[in-house]
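Below: a set of structures, written as structure tokens.
Both complexes shown next keep chain A, but they swap its partner, so chain B is in the first and chain C is in the second.
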Partner chain A sequence: MPEPATQPKLKNPVLRTRQPTLPPASRSRVALGLTAAAARGRLELQVCRDCGAVQFPPREVCRTCLSHCLVWRLQDGRGELLTETMLRNAQELFFRERLPWRVGIIHLDAGVNVIAFVHASVGAAPCRVHIKAALDRAGQAVLIAVPEHGRLDLSQDPKLREMTCDPRSRKILVTDGKSALGQAVVRALAEAGAERIWIGEAERWKKAPGFEALRELPQAMIVPLDVTDGNSVRELAGEIGAKVDILVNTCDCHRTFSIASRRGVETAQLEMDVNYFGLLRLAQEFGPVIKARAADGPTSAVAWVNMLSIFALSNYPTHGTYSASKAAAFSLSQALRAELGQAGVRVINIFPGPIDDEWDQLERPPKLSPSGVASAVVEALKGSVEDVYPGDVAQDWLARHLDNPKGLERELSEGAQ
Partner chain B sequence: MPARAAYDDVVLAVPVTIPYVRYSIKSAHWFLGRAMAELIAAAGIPKARIDGLAVASFTLAPDTAVGLTQHLGLTLRWLEHVPMGGASGIVSIRRAARAVQSADAEIVACIAGDTNHTDSFRRNTASFSQFSQDAVYPYGSAGPNASFAFLTDYYMRKYGAQREDFGKLCVAQRNNALKNPLALLKKPLTLDQYLNARLVADPLRLFDCVMPCAGAEGFLVMRRGTAEHLGLRYARLMGAIERHNAFPDDPVQYRGGWALDSEALYEQAGVGPDDIDFVETYDDYPVINLLQFEGLGFCREGEGTAFIRANTFEATGTFPLNTSGGQLSVGQAGAAGGHLGIIEAIRQLTGETLGARVPNARHGLVSGFGMINYDRGICSGAAVLAAA
Partner chain C sequence: MNAAKKGEATTPPTDLRAILSGVIGSSGVRLVDLTQTLSPDFPPIVLPPEMGQSRPFRMEEISRYDDRGPGWYWNNVSFGEHTGTHFDAPIHWISGRDRPNNSLDTLPIEHFIAPACVIDCGAEASANADFLLTVGHIAAWEKQHGRIPAGSWVLMRTDWSKRTDAVAYQNLDETGQHTPGPDPDCVRLLVNERDVLGFGTETIGTDAGQAAHFAPPYPCHYYMHGAGKYGLQCLCNLDRLPATGALIVAAPLKILGGSGSPLRVFAIVPASRGGG
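Our next item is the complex of A and B:
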């Protein structure tokens, strides 16, 4: 039976903090299609558009008919574990530090062999399994065999657990706890077993409904944090930066307007100051110390979560300046992902559709509840994805964006004033 | 299909070995250059007489055989780079034989060698192939250990082979190696030690796994007349086969390309399995020996285990196998692993053995196997050689 996740012991401050190592990250360009799907929690393999043959490993030309028209398609991942081994020796430091590893060859019903990590809950070969895709600590796709009809529960395998950023027993900073969404995120993380939650509070004079009640959570601690003020961010990072395992940036400034509906740029500047420069200030002050603690024991620094918006993918003209600030934050998050990824810290972007709050009041349903978004955050941390599109609207926009980005631009422009 | 042309009077001569070391600070060029120097010294010919060259090496990058011509100051009219790992030796023979037969070259040097720095095995493994980089290396599979663990696990369950069966081969080969001054592993090995060695990748334990090292092997291919004119002892090439990506639909590799081609091999050679006096298999892990016994007609498919139980495999016993100790006891000098058996076969057939000698050896069979590109070995080959 897999060992359960237990409350880790306190760190011995005399010992040197371990340096992070990563699994091999090199992939051919074509193989990155697997990663693109795994980033959203999907298993996709190449399928030949001409003859229908499923392909693996990823390649440029069909193994059956030599067609070059290979497209990535969702797979059910059913197959049989034919043979397996337990690796007790490894050349790469990442694997060597974590031996042994259970690995097997699985013949998929789709007709190809895959090599995959075999989850501890799978019986001995030969047996039926399901293959799932996950992101490893290098941010690249790997395949995992789980019991047939089982779901991928990485927390139940002592090795594969490291692919997650499970909030259980971790210390988490939620940068803004005043908004309804921020409060929902705090409560969801508390429920998921976070050991400590620092809750950022800007503009202390401003009362927000529900905020005071957060103080009753045993693991919560309200801290002053104004992401538009570099000194405020620096002071908090100096105080708690070296303890933060997960940072969830919920700071958001949303003012609904199009270009022509307002004079001057001050409101747009405020959106940028919170949504873009706020992220930059946080990244500059908290990023390096989080990166340095990426291998700091069982509750090392693991993740950085950005609350973006589906409007970051393509501008929504009636929320034109807000969309632009979220697009800027999205772009910056890619730079942050590249930098933190060097240490294996995962940057997770949440792209919610319209939320049921005052700034999306005029959006038609379906709209997301703040708690719905918050549970998407917790699910993402417990899993091994890096891009999350919660809600039907976000899924719909994403599908349209992937299918034809120019088409989505035109469709969204229809509502322009 | 028309019958393949015979190899007529193509011969192999001048087996040389650059002694193996576990690690070296030298480059592959050093080992290959030493092999070439040994070849011309032992043949007693000037460097300029070599007009053809076939090279196999994993660690020669960024060079290929082309760079080596300038490095070694060779002016050639025939050149081949053979990137087929453990099948390179057999494939080099096939290419070189046709070259000397058609007089595209007169004397072809077939050399293989690699260096082994402390980190070169990891680096070679990390970039072995695109499929391996994308779909094997990210799973911690440190080179061939995992691949052969899969094959071994599958074979054991499919055909009921036991660890003791593999152990018998390893112990017999070690006994052969004890007489070979060039073998790296020269301590006696008992079946108990084999069975109780530390686990590497279940079910493989330490003595199932070949030891990577640095070194080189080389031989010359020419026509019989040339060899006699130079006063060289030689072995005749009777037949040779190669096959790539055989049985792609087998779920896990339990047979190699030999099974497709052994009939053609014996037909060309004019002898059968019963006429073979000794066999040099490709033996980086013991399970692959069984695939060769079966594929090359020494026993039927799936009966490798019974075959092991019926023979002793020592040079003076029944079914002499890997008479110099094989890679499992001599070491694996990269691509030279596929040349090791050829060199030993030439020595056995010309009476130049360094260690154990097979009595009255007239016919030897050598096979090669190489390139685990993803989940199985892709290249296979074999050759039958005969004493002069």
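Our next item is the complex of A and C:
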């Protein structure tokens, strides 16, 4: 299995920085169902409610009985690679710049044929394979054939690695390294082979347990960053912006108030200032320069990670103002995704459930450990997803939200006193 | 102006200015700026995070000769009332809440210029961050410089303002803040027996960093404001003032119901007096 290059060559500064190109991004509305699932790392295909036939490609009516009742259902993706070819010509710039491409036709056990990229680790056709859905650089779903019993490890395929945002050898800014979560993210990224990690530190005069120990990491560099201060964000972006390949925004202000339990708006404003305006300030200062480096060699700028909360999906009334600020940040992250997506930079949103920290102290288990969330961040970067819901609570809320948003709203309101 | 009678020549205001600039411009008087620069980097007061927080100084551009306003540069600023070099009015503390004229908009303007007694605790504070000013220190100072006159500012010089690193300035550890200030007996003496105008420090509070553990908690705030006295915090350049003889100009913003405000504080000092 080919190993990814551990030490990418340094950039030649006399050559023009390559401009990003994207694979074709247009999809019909119905085909976006594939993307919606792939964004969460799932392979879903349409299934006919009337006759049970599985559909591919996505369509409006059933290929066997013409029923309109097609619903997206999770697939196991098992099938047989019937035939494969090496694509050596392409008109699309993105494919042309990366020729050749290994593609194949797979007959799924579910009864349909699909065209997929064939992972380098798959043997010659015919053979049994496993089809996975992934997001390409345009943010759209593509299918990838991997060995039947293998995991989808895109970083092990030199070409498909481009669909990931693998932190290995990359330079990463973690915007707040003082919280337990921020520290865990820094350590997980170091473990994953990041070349450099800038660690944002606000309010230097407040010592955070564990923070000083981060200085011992060889790739760590602590930098002043307070996202409530536009000048601070601008200074740092000027200093290191053109070097940041991945930005992980761990800045979070979590206060646990309902509307009635806190008079005035000061605390809510602080939450908004960090969680929403902080993201906006970062996006304005770091966004353009990250976007400009989206094709800058093997360690180009690739990703922007936002630490949101499952409370962003539906307001958790006992954490009412915090939920609102996270919902605002979620909304802004969609705008950021649209802007950075033009260059192929992926915006990944993490929606954890309650974390085992001081602000979720009164939440009952199960709670996520900071290191658990950090692992989810690294896994998302190594993979090709954009929405991550780590932990049982987040998965449960998401399922209830997708099934019946109003239902979840009512259920959450029962906890409000 | 009040002496002017009908028919008599009045003194034009330009002459008053001429008199003042003559005094200030001559070698007779110098001005000393006692104000820290307001900037986002200047540390604000630290309270437990679940409590209401005083906003640090922040500045966002409205426009800078650009598409947002082609010909002009200006900012929106925000900050808590008690940010940077700032003034505490009696209404700031619960003990002063029922005092007459206790908020910024009602303070007597006559109080905005007042004499200062500067007590040099620089050596003590540099040896001990938790240094407390006591009645004994006041007695020693008065022996040398005379009794503290009623209506004057008492300024505690600690040279704390020379700690330009914010971490050293805050001086926080696991047991809280360690900065110098007055002890409760000292405050009672200044309030009850000297009838001072207020108390000023170079640190973030008029009280010592550990004053939450005093009886009463935060005695300088409690007694001073309870008696209608004022506070000045985050002062600098106190080492350039004489022990006596300086006039302090400290006029806070006129905020309706305001409990305090950042302000420009300066001293008018006779050039003949020491203090650097």
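Keep this in mind: the second predicted complex is superposed on the first by the 412 of 417 C-alpha atoms of A that agree within 3 Å, B and C clash if a C-alpha of one lies under 4 Å from a C-alpha of the other, contacts with A are read in each partner's own complex, and residues count from 1 in each chain.
Assume a residue touches a chain if its C-beta (ideal position, glycine included) is under 8 Å from a C-beta of that chain, and two chains touch if they have at least 3 such contacts.
It should be emphasised that the depicted structure is a prediction, and the values quoted were computed from it without experimental measurement.
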Superposition on chain A - do chain B and chain C clash or fit: fit
First, second, both or neither for A:H107, with chain B first and chain C second: first
Chain A: partner with more touched residues, chain B or chain C: B
Which superposed partner A:A31 touches (first chain B, second chain C, both, neither): first
First, second, both or neither for A:E266, with chain B first and chain C second: second
After superposition on chain A, the shortest CA separation from chain B to chain C (Å): 39
Residue numbers on chain C that touch chain A, as the complex places them: 40, 43, 46, 49-50, 52-53, 55-56, 58-61, 166-167, 169-170, 172-174
Chain A - residues contacting chain B, complex: 23-24, 26-28, 31, 56-58, 82-92, 94-95, 101, 103-105, 107, 113-117, 125-126, 136, 138, 140, 142
Touching residues on chain B, where the partner in the complex is chain A: 121-122, 125-127, 130-131, 133-143, 145-146, 149-151, 153-154, 157, 198-204, 251-252, 374-375
Residue numbers on chain A that touch chain C, as the complex places them: 203-207, 226, 228-232, 255, 264, 266-267, 270
